[in-house]
Amino acid sequence: MSVHYPALVVVMPVVAALIIAILAWVHPSRALPVAVAALAAAAGAAAMMLVRVLAHGPFAYHLGGWPPPVGIAYEIDHLNALVLAVMAAVALINLLAVWPQAEQRFAERTVFFYALYLLFCAGTFGILVTGDAFNLFVLLEITSISGYALIGLGRRDAALASLNYVFMGTIGASLYLLGIGYLYLVTGSLNMADMAAILPRIQDSRVVTAAFIICMTGLFMKMALFPLHGWLPNAYSQAAGPVCSLIAPLTTKTMIYVMVRIGLYVFSPQFTFGRLDLARAMVWLAVMAIVFGSLTALAQTNLRRMLCYVVVAEVGYMVGGFWLGTRTAMTGAILHIVNDAAMTLCVFLVVGTIGHQLKSDTFDTLRGAFRRMPWTMAVMVVAGLSLIGVPPTCGFFSKWYLLGGALAAGHWGLAGALVFSSLVNTLLFFRIFEIAYFEPVNTGNYGHAAPLRYAEAPPAMLAPMIAAAMGLIVLGLLTGEIVTRLIAPAIPAAIP
Amino acid sequence: MIWQLEIIILVLVVVCAVGALAVRDLLGAAILFGAYSFLMCLLWAIMGAVDVAFTEASVGAGVSTVFFVAAVFRTSRRTRD
Amino acid sequence: MWDDFVRLAVAKANYWIYIVLMCIGLWGMIVKGNLVKKIIGMNILQTAIILFYVSIASKAGATLPIITHHGPGTDSIQAVGHINPLPHVLMLTAIVVAVATLGVALALAMRIHRDYGTLEEDELLAMMREK
Amino acid sequence: MRRLGLITAVLFGGLLAYATPDFPDWGDPRSPASTHVSPYYIQNSLADTAVPNIVTAVLADYRGYDTMFETTVIFAAGLACLFLLRNFGPRAVESRLYRHRPTGITLRIEQGGDLPENSAEFERIDSQWVPYDLIIRCAGRLVLPFIQLFALYVVAHGHHSPGGGFQGGVIFGAALIFYALSHDLRSTLGHLPEARSLIVAAVGVLIYVGTGVLCLLLGGAFLDYAALAGLLGVDPVMARSHGILMVEIGVALAVTTVMVSLYYYLATAGRLDEGL
């Protein structure tokens, strides 16, 4: 059975989603155990694949038994084994943490929420392991469609935000599909490795250049890189809490992974960083994304909206690190994909819990939160420190690599932006801590002090959240291992 | 493969696409979109993509149009552009 | 010069039309204020891409990708004699994806209409600002 | 916004036009797209799978995994519409309209009033009832069986002619939608209730995924139908052909029911009471 893990990791959530869709009409209460079991099994399979890659190196799985250029192949290597393991864990932890909220929030719809959740996860896992460019598009659409539905049933303006996301997402996916069509036109293949073998021979064709630009533009739309980020803040801040802490860690990070995969393994690094002089412009775009995201985050009065702009800035980190095209910066960017997924999970879980327990997520409601929800706020502190970049949390290490890479490449703009963003994050989070710890609790309408209710989340929600916070520190402590054993072999030798 | 026919269809496809976006009545736009899909399906049939044409005839010209009409019926026909 | 241009225009006629359609779809999605119009634009965009793929597949002088003679003698099947089937397969999937997206988009549009009573983008934005 | 749209469209068109001169000519049989992988399909699909329609062979076997997710996408769309539109709350019971058949008098029964639904003389009608739809009804009744039969033919004959599970499923779904349009939504819901429809959709996708898992359990790769040879008692080539038929049936079931469900939700805005 162990050879089948690459297929199973994607198929198990799909099967569970189908079973849940049937159970919904018969035994709605059995849906949750099925969902948890499927995600746990998928996470287990992902972990086993990581172990196998560490022990024996990359391996492939031929779906339908057809070898690659003819059939579809899943290719597991150091890069996607690492990202997959973390994403699977994120999806599992999030489900464990949010199900009580979801049952309250969605009522009769909860069962379908689980089914869509699983389909979303299946799509994401599939994107991470697939070695076929068109298969990636299909999986991308699974993820998108379930994502649109999940976001669409959120707060007041959620449907509009979601429809905007539909438009942007569809343009992005269509552009990706068109780019793949261009590549198919000149290579005749859809398999990524096969394309990579053919492309160096025809690099000078205008079609290849156009394909590269179209593909990347599509991915930039999907990952919400400034100035194509328009859909993200609305969609994430309007989504319901349980949905937000699923989609925020997975969507943008997966798209950045796809960018890395396409940029390094379909097009050669020489092409990506050398052919078009695009790399330099992209780094500056990333710098603008970081500065814009940070400054806008500073102007927000709503916790969730503020974090959305922090996400926009974080996308800039990874894009900037990738397009610098040096080994250190690339290491930082890949490490940050993983770390950012974990950090985003953590903060959005906290915000979701605060929103659920205190019924609001403006800064004002945070007054006295440290006394009302000590454990939740402790998790918030860990996540905040990680986003700022304080050791030993994982955020510090990826930022360190990114900063080192920027300085070594002599790109002062990116280095400056990284430092600036860290400072802004410090400001943002210490402002939250200050409000939550020091500011007096709101006085009631008639001058009475409102009673300070203890509003800590139930243990069922708290435990996964604390596990996620521990995960941040564990990831930080494991940085050395991850970098030397997983990321170093994943970066092609052609990168200086 | 009569090339005159193909050119006519190509032109009509573009006309229907522009028409579907330009018409100031959503029901009309939905119907024009159906016509667009159907012409597209003819084009593909001419080009030998019979399976694709078949699918587009049933999906694009058939079911999609019904969905559009249903949505317009349940929302509003009015549009300002 | 002119001959070159004509040759280019005729030899790639379908490719030019698909570019025109894609631009129309994209333009419609950005410029049109009505949400249903935007959804129509989105569909035109997707259909244009399908046209592009189908154009890739065509081969001059080839027949349908269905093998008509049965039994032994399958060795004689020539690849040049049949249209490339792979893009057709991909586009079947793309059509399905398009109709799925259409369904979800229309469902969202109906929710919006239920909440706000309008589908015009500027009116929606004005309402959002008011609240 | 207008200017932005125009500029984007023109820029984008410019990029595409820039690349077009480097395309292989339209219909050029020597283009890379026609010479690298696709000849394999054309030359070997009959020998590998015993399916003359190459598109079906590639769709359901060589790239069957894509098609599995294509079906899942459709299923996800059905779920998404249900999730977004379905009214779960207590159904807002407005007044109902009943028509007395012999006299043609219409009664409005307010909430709380009682009238047996199955009364022989009264029929429930939609609020926008069209009185003389006799022709549409009869024509519908006449055409429907043939459409459905054709849909089944398309599913079953997808191996040899254009068509297959998806097309057949859409046609069958369209037939049911046509029934709902020519009669009314309640009678369609009577034949295919919402819950049954979605369960069948899930079962359809499960047939597809289950075939894949079965292959896996029998020792092949996921969706490697050749592994079914022992179970079906045929040689691996025929096993592939049968495997394709199995998944096509799954696709047809899923697509039919999802199309109908999408119509249910979109046409009633999630209330599932009155159709178009």
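Just so it is clear, A, B, C and D label the chains in written order, and each chain counts residues from 1 on its own.
What we mean here is this: a contact is a pair of C-beta atoms (placed from the backbone, for glycine too) under 8 Å apart; a residue touches a chain by one contact, two chains touch by 3 or more.
Predicted model, so just to flag it, every value in this text is computed and none were measured.
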Partner chains shared by chain A and chain D (touch criterion as defined above)
C
Contact counts by the stated rule: is the higher one at B-C or B-D?
B-C
Taking each chain's mean CA coordinate, chain B and chain C are separated, in whole Å, by 11
Roughly how far is chain C from chain D, centre to centre by C-alpha average, rounded to an integer in Å?
19
If you average the CA atoms of chain A and of chain C, how many Å lie between those two points?
29
By residue number and range, which residues of chain D touch two or more other chains?
16, 21, 23, 31, 33-35, 37-38, 41, 53, 55, 59, 63, 66, 70, 73, 76-77, 80-81, 84, 162, 166, 262, 266, 269
Multi-chain contacts only, two chains or more: what residues does chain B have there?
50-51, 55, 59, 63, 67, 70-71, 74
Where chain A touches two or more other chains at once, by residue number:
134, 138, 141, 145, 148-149, 152, 159, 184-185, 190
Draw the chains as points, connect those that touch, then say whether the picture is a line, ring, star, complete or other.
other
Those chain pairs that satisfy the touch definition
A-C, A-D, B-C, B-D, C-D
Of all residues in chain D, those that touch chain A in their complex:
15-16, 18-19, 21-24, 31-38, 40-41, 61-66, 69-70, 72-73, 75-77, 79-84, 86, 88, 195, 198-199, 201-203, 205-206, 209, 212-213, 216, 220-227
In the complex, chain B touches chain D at residues 50-51, 53-55, 58-59, 62-63, 66-67, 69-71, 73-74
Would you mind writing out the residues of chain C in touch with chain A in their complex?
22, 26, 29, 35, 38, 42, 45-46, 49, 52-53, 56, 86-87, 90, 93-94, 97, 100-101, 104-105, 107-109, 111-112, 115-116, 124, 128, 131
Contacting residues of chain A [partner chain D, same complex]
4, 7, 11, 14-15, 18-19, 21-22, 24-25, 61-66, 69-72, 107-109, 112-113, 115-116, 119, 122, 126, 134-135, 138-139, 141-142, 145-146, 148-150, 152-153, 159, 182, 184-190, 194, 198, 205-207, 209-211, 213-214
Mind pulling up the chain C residues that touch chain B in the complex?
13-14, 17, 20-21, 24-25, 27-28, 31-34, 36-37, 40-41, 43-44, 47, 50-51, 54-55, 57-58, 62-66, 83, 87-88, 91-92, 95-96, 98-99, 102-103, 106, 109-110, 113, 118-120
